[in-house]
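Chain nomenclature is as follows: A, B, C, D, E and F, assigned in order of appearance, with residue numbering initiated at 1 for each chain independently.
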Amino acid sequence: MIHWNSFADFIAMGGYGFYVWGSFGLTALIMIVEPIVVVRNRKSTIARLKRQLRAETRNTAE
Amino acid sequence: MLEADNLECVRGERRLFAGLGFRLEAGELLYLQGRNGAGKTSLLRMLIGLLPPEAGEIRWKGQPIRSDEFRADLCYLGHLNAIKEELTPLENLLAAARLADEELSEDDAIDALEQVGLAGREDLACKYLSQGQKRRVALARLVKEKRPLWILDEPFVALDVAAVDWLAGIISGHLQRGGLAVMTTHQLVNIPAGTVRELRLG
Amino acid sequence: MFKIISAVIGRDLKLAMRRQADIVSALFFFVIVVSLFPLGIGPEPDLLRKLAPGVLWVAALLATMLSLPRLFADDHRDGTLEQLALAPHPLGLVVTGKVIAHWLVSGLPLALIAPVLGIQFDLSADALVVLTFAILLGTPALSGIGAIGAALTLGLRGGGILLSLLVLPLYIPVLIFGAGAVDATVAGLGGEGHLSLLAALTFASLGFAPWASAAALKIALE
Amino acid sequence: MKDRFNLYRFASPATFYPLAGTLIPWFVALSVVFGLAGLWLGMLVAPTDFQQGEGYRIIFIHVPASWMSMFIYLIMAGWAAIGLAFNTRLSGMMAQALAPTGALMAFLSLWTGALWGKPMWGAWWVWDARLTSELILLFLYIGYMALTAAIDDAKRADKAGGLLLLVGVVNIPIIYFSVKWWNTLHQGSSVNLTKSSMAETMLWGMLLMAMCFWMYSIAIALMRVRTIMLERERHTDWVKAELLGKAGEGK
Amino acid sequence: MFKIISAVIGRDLKLAMRRQADIVSALFFFVIVVSLFPLGIGPEPDLLRKLAPGVLWVAALLATMLSLPRLFADDHRDGTLEQLALAPHPLGLVVTGKVIAHWLVSGLPLALIAPVLGIQFDLSADALVVLTFAILLGTPALSGIGAIGAALTLGLRGGGILLSLLVLPLYIPVLIFGAGAVDATVAGLGGEGHLSLLAALTFASLGFAPWASAAALKIALE
Amino acid sequence: MLEADNLECVRGERRLFAGLGFRLEAGELLYLQGRNGAGKTSLLRMLIGLLPPEAGEIRWKGQPIRSDEFRADLCYLGHLNAIKEELTPLENLLAAARLADEELSEDDAIDALEQVGLAGREDLACKYLSQGQKRRVALARLVKEKRPLWILDEPFVALDVAAVDWLAGIISGHLQRGGLAVMTTHQLVNIPAGTVRELRLG
């Protein structure tokens, strides 16, 4: 069922390895980096908003 | 005539005011006061319909203000003079009137310019005028203005003492003819006629 | 309605005359950009003849675009735009007037000078006629679409270059049909098809653009 | 009447926020499942293409990315229309959350296309109608993002961006057809997308990968929109409750 | 002396970062203009390869030029320029700082993206390297010469387009040597001669331009 | 210290003034008066060396003013605020000091901003500030300003009453420390200390 004879064949992609893996590699990279950036962004936003909120409530309490 | 109900203004993250309301009738002047940044300009821009309020409603003659009829009754004068530096005072006045769909004859315009003390400078491009003279060109519109509602944002800025008195007289005349006006200023100015109501922000 | 439109056109034309520089410089920009190419590419006549329609049209796009930032910016800065928005008639009419005035000042002169530049590139008489017509028909669309971009970027810092980012991609159909008309004529195929498409683009954008621009201007004034 | 009510209810950030929060893990999971299945079919099982050799396997990314880049723009324009018509706050946020992903998809389409073109046509790039349209689409995405970034006030940015999206969506078909026509008028095709009759496994692999891209885009847009919501609505009670309560634990 | 220059650079770069749009859009303008040409001219790879150096350089000229009007205009409008002219050090130093900052924001990015665009035009690897170097060497001269034009047209209405009128003719040597370097490489002649001429232009204009601009600024402030 | 001799000013075709001269010593304030368009701004721009006079001479400490030393002693505040809309008030102050070759620590700057009533807005970009708040940012420079010669063109414009009083105090302090100042304004302002000399144009 599996089309490839060996792992090396798979990597070589019949001579098109550079092009195929270049495509898949960048796609994988983007699909990994983008969520990481989004999650990080979210965390820092939440931290900042919390800080602001605390500062605000402290001010109004005074 | 002009009613505001429960207005709320949020700029950026700051709530400048909320629950603000007033009624203004013919012959009355609303004198907006407040320290720098209190939201006076923002309130004026709501009243002319350029800044949608966060909450609340503004009515003119009982109708919401987003209509051509309201704008046909309105005369607004902002921080900025709305004059073209390349045109002469006379051309500026005439062009402004045409664009606002008003009738203004050349003689009337020259007359208005004389009243604001720009006689002899009708033919000088506005870019050569001093700060105060530019303001006077903008104010010349008011001389022949027949619309009932005037909204003036710091009209006295850059004017010398004589011009301040003159403008106060013009506003009084408007009120006496049954007009309404809303105005802000940080200077102490005495409006001799009409009912002056004060509103303090912030 | 026509009173307002003509009042706007009258004022804008008067301002343009007063500034003088305006009309002349849009034109000279066009001329200079077109003349830069032979310098960058080399003088072979065959090559240049092939390039001519494309280069002329790209230069026309750029010249129109360069004058766009000031379409509303002056009125915005000095407060006139507020007054226009507060006048008792639809803002769309005012914009229509401004678009027409813009075309008269920046599009029409291009069409008039284009044949001269075409001669420099050794175009045939037929091609010159079609070129002039194409620019005449296409530039109003450029002014219209440009007005939307100018309104959207109004008051933003770096507006001029942001504007080009928004507007140039939308100009592409005009470029293609415009250059296509001349190319087709040169190839002996007749440029009528392209010209009528250009006319269609122009009508569509003149009907649609003023109202979109007016909506964008209201947003900018908030 | 009831429908309207519902529409507004779900378009309100306060209800949408938790809903999005519960949906995200599902979309992530689906995306991974579809992705693994698609890769397995496409990379391990599908046979060699007799014309293009193994190089054709780029199709499993190229086509889904191209599709997504076009769909996302349409969806953004849809949200923009809703936003301008009904003045819902959610629409602008959704459009802004989708834009970066759409731009990345357009970029991926160009990138994979270029990597495919080099071995197939001997050039990284040719000025073919499809390629050119895709490039213009990328410009439109960037224009939208630059415009909304240049306007600081979120509400104004939404309105201006929405207007731009609608103008853009009217123009996309015009651009597409003009580019297409331009190209065919000029040259006989030195460029030929020799469409090999696709093996069934290839087709399935491609469809599975497309599903994977769909799920991925939805998940990432929902994640982004949740952050945007917190930022924009930080003065409302529900965000304050959210921040003081459970925020920080989940993502 | 270096303190002042670096203070100016620091401030201008911070402003550019704050505006974000700035850097990105000069770049994208470049990209878009370059992409317009094939649309106007047609997709034949052979033809395009011949055009590439000229088109890239003309686009670089235009992209630099588009960002020029704002070089001093913002400072002029908000009164900062007056303050700079009143500071107790020569205005020429301030201008030097502004020119450097301008190049960092508008010239450098062009050099970085140029190879990618070169690929679209199917240039060879050699030609790509020379192209990048040429743009790297030539753009500072564009910023320097441009500063003089920006200072001369400061505060004039229609300045943007008047500016292009003044500056583009002065850019022509840069264009010729810049495009020439790439052309020579493509033709297998080696581009070193052209590149060293470019470098000479850049040094001359960086030494001279700030002081000429400073003089022009003083006139504009009167 | 600051002397003007026989100055003449011609703008366009108009001779605004001629034969104008004055001497100003340490601790003195020159209060320029005159109606709109009298030439006050033009005179100030001559005094700072940006507008060459048609005739006459201006000297600072006995030397003609076109020199770096003069500019090192000068602090000018014009119609325009010279602040960057994208930067925050704090960044604006610091950048201005660096460009003017002055030492200003961040604490000092924050302190100055608090004094002008912008506490809590240090981190908001200036474009969001109101008209008066922008003016206050520009005026914050004066709080730590040690240079002897201040030239102020309508500094009170757009300020509210509290800010006007504050600024009058700042100017008094400067005069008491032996500074000089030249100022125009159309508002009535009371400067509590120092010798005030008036000069009326036109």
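Note that in this section a residue touches a chain if its C-beta (ideal position, glycine included) is under 8 Å from a C-beta of that chain, and two chains touch if they have at least 3 such contacts.
From a predicted model like this one, the values you see are computed outputs, not experimental measurements.
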Inquiry  = Counting hops between chains that touch, how far apart are chain C and chain F?
reply    = 2
Inquiry  = By raw count of C-beta pairs in contact, what's the busiest chain pair here?
reply    = C-E
Key: Geometric centre distance via CA averages, chain E-chain B, whole Å   = 45
Task = Report the inter-chain centroid distance for chain B and chain D in whole angstrom, where each centroid is the mean of the CA atoms.
result = 49
Ask   = Approximately how many whole Å separate the CA-defined centres of chain A and chain B?
value = 55
Request  = Determine the centre-to-centre distance between chain C and chain D, using the mean Cα coordinates as centres, and give it in whole Å.
outcome  = 32
Ask   = Multi-chain contacts in chain A: which residues touch at least two other chains?
value = none
Task = Would you pick out the residues of chain E that each touch at least 2 other chains?
result = 19, 21, 25, 28, 32, 39, 42, 74, 157
Remark   = Check: chain D positions touching at least 2 other chains come out as 139, 142, 146, 150, 153, 179, 182, 186, 234
Request  = Going by the contact rule at the top, pick out the chain E residues touching chain F in the complex.
outcome  = 3-4, 7-8, 10-11, 14-15, 18-19, 74, 77-80, 82-90, 94, 218, 221-222
Message = Using the touch definition from the top, list the residues of chain B that touch chain F in their complex.
response = 11-12, 34-39, 41, 79, 117, 124, 128-133, 135-136, 154, 157-164, 186-187
Key: Complex interface listing, chain E residues touching chain C   = 19, 21-22, 25-26, 28-29, 32-33, 36-37, 39-42, 47, 50-51, 53-55, 57-58, 61-62, 66-67, 69-70, 74, 156-158, 160-162, 164-165, 168-169, 172, 175-176, 179, 183
Ask   = Can you list the residues on chain C that touch chain D in the complex?
value = 148, 152-153, 156-159, 162, 165-166, 168-170, 172-173, 176-177, 180, 183-184, 197, 201, 208, 212, 215-216, 219-220, 222
Message = For a test of understanding, state which residues of chain D touch chain E in their complex under the given definition.
response = 123-128, 132, 135, 139, 142, 146, 149-150, 179, 182-183, 186-187, 190
